[in-house]
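Going by the order they are written in, the chains are A, B and C; count residues from 1 in each one.
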């Protein structure tokens, strides 16, 4: 029981990171119908900048805020400069452009902060020590029902719940949130009531990338390093979370992210020899396939999903 | 334009141009293995393998509008099918090719079907996950007895021995020899054969009834449904074929290098992106696109491979890249990918068609005559 | 006084030109009705005025040229459109739909809320369903919602694109009464597109007849109704 509780909390903590990235994916998908394949790499780039600010002596808390700003600008600029003009051509072109961003950012990370670029080498690369945002000494834990809960897991979980609450308030109780929901729902009508849809989309991408940046920082803190392949798997977990929750449901993204984290941790914990660290990604893969087979719109999606 | 060149399709001039082009290609193919340097032959062999992989991806994208980020996994299935069959069961390497083809076909079909039933980005997502799972799967402890985990497998290549026959032609052998002294031309020709095979399969699919319905799917799903095409299954089969063809260069890579590890670049998602880059740079939706793309890609990657050392960068572009100690290949192609979408969505081949169209008018044959002429051009921009 | 005037307004979709030079006028306090067969270009005219599609020619509103203005500037200037075929935000609640209608207003949340309640009184059915998702309303209720949403921006000119589409005759009449009342009591000018010529002409100050992107006739309802050829060819009564 204690062990179960411990794994549950650790799973929730990891899952909250996936939830952050999944939230970003969902915000963008709702606004424009695009899946941003560069989401993970945008987060990674911002995470590297947080590391860089830290190197320059900026306190970690402020560095994180600055990193989120970098993420916001990166996301917003991507939407304005690349996605908006290209989406008039075809969805395929947008897909290629996000892949191009994926590749470009990953290469830039390596080029600036050291490492080796993607196509000519394996994914391993030079790692950079990353500070943890939260207490992470071995004895930073408290006990509930005999289970040792680390403060780190607890804080991560709390952070994500706070972010979730902030986003909930933003979506439901602000004018920007109303505009974002209106654009997602019916873009022509949104224009007809005077919403600048282009500005809203720019903000959506910016917010999505800023949340992703936070996810990247927390994850880097959890694994205590940043490297070029840090976000590949996290991106897949986040996509699995969004698929599970429903690609157009922010609440679903959070639930999906937490579930994926828990499923993975329980699977890795109780079936260690089957799952282990290596095949955690296999769990995400199976979840995606299962959701597509059983309930393509996800748990909370409003099923705009079209069958072929 | 006043000075336009007018060529009648199927006319004498048209045939002359075709013959000249064919002769040039054959001459080039003979020149490379006989007169080219060893490194040139190697480059071309690698390019040929990438060509086959990108062609398989192109079949999927160009003719069904579907995208895969998991072709590295099918490439890897080729690599490991061959490696395992050769090292564990002592098969002769080239016999493993059809097996790899079949295995990749089945895996491709099974993995793609759930995603293909649903519109949108799901196939890209599922295949990306597959691309990430594959190396992890190879390293999975439960499967180590077969794959040898992250240590990889050795001795997976073709064994040259002094007893192998030589096939000389008046003392001249453009195909190298099988006795192990001069093997690079041999692999070059295997690569070329593979490209020709994949090309013919793609062409076969494209020109067949299935192919035409595929184009219908790409352009208009409803129309295809009315035509009675079972979309999910047809797409699934094409996906399987595409996966199977991507396994072939994988097998060849295991045979050629003789060792395999799950972390080598083409087996990871980086490989999938490489194939995608090649296809887009060359020109998606045209059969020749991947050929051009692979050649350009491989030459640029090799040319810029040592640019991590600023002194090796030619003067003109030095300021652009000298600030970093990382080779710029990945960045160059990332930017190419983005810029091409803006300025030349159909890649090099698309640009070429545009250029030719500026000075040459091809007069089509009267309707009703059967066409002996290649019909494919870059699809209209939409 | 002229509120809206277009001159040589052309617009189209890609290579296809739909409007081939439309000249219309709406004076303050008028209800102007635009009639025309399916595909004549009525919706296109509305969308061109609202600025949600590329257009050429002159559009003047309160004496200022607005053919280059962005949709949000046009709404802020006081033109609101009720799009054809409902065009609500189906995933949003009824109240949120109406709040979205007030998006361009700069006044306090309290006065927006006051307006919300005012329109809820006019459309009591919406008040009952204020927390329901708009997508779950009936067609008629959605049409009312679309009108209420447009009114939330406090427009001077309402562009109404076939509000009666798919509605029962009784509901249509109810809707038209509301529009007439708004026109009379609040001085709202209306440009109304309608298929139901008979009904619409009763309340029209003036009428335009649109055919394949051109205005082919215009005048007061009585004038057009008196012209036999026009009546037979276009009005069907």
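The rule we apply is simple: a residue touches a chain if its C-beta (ideal position, glycine included) is under 8 Å from a C-beta of that chain, and two chains touch if they have at least 3 such contacts.
Quantities reported herein were computed from a predicted structural model and do not represent experimental measurements.
In the absence of chain A, grouping the other chains by touching gives B | C. In terms of Cα centroid distance from the overall Cα mean, chain A ranks first. Averaging C-alpha coordinates per chain places the centre of chain A 32 Å away from that of chain B. Separation between the centroids of chain B and chain C, computed from CA atoms only, is 56 Å. A straight line joining the Cα centres of chain A and chain C is 43 Å long.
Of all residues in chain B, those touching chain A in their complex are 61, 65, 67, 69, 111, 114-122, 124-126, 128-130, 132-133, 136-137, 139-142, 221, 231-232, 235, 263-265, 268-271, 273-274, 276-277, 280, 301, 305, 323-331, 333-335, 337-338, 341-342, 345, 381-382. Of all residues in chain A, those touching chain C in their complex are 175, 178-179, 181-182, 184-186, 188-196, 302.
Those residues of chain A that touch chain B in the complex are listed here as 33-35, 37, 82, 85-86, 89-90, 92-93, 95-97, 99-104, 106-108, 110-112, 114-124, 232-233, 236, 239-240, 243, 273-274, 276, 278-279, 281-282, 284-285, 288-289, 292-293, 296, 305-308. Touching chain A in their complex are the following residues of chain C: 50, 52, 70-72, 74-76, 80-81, 83, 87-92, 96, 99-101, 103-104, 149-150, 153.
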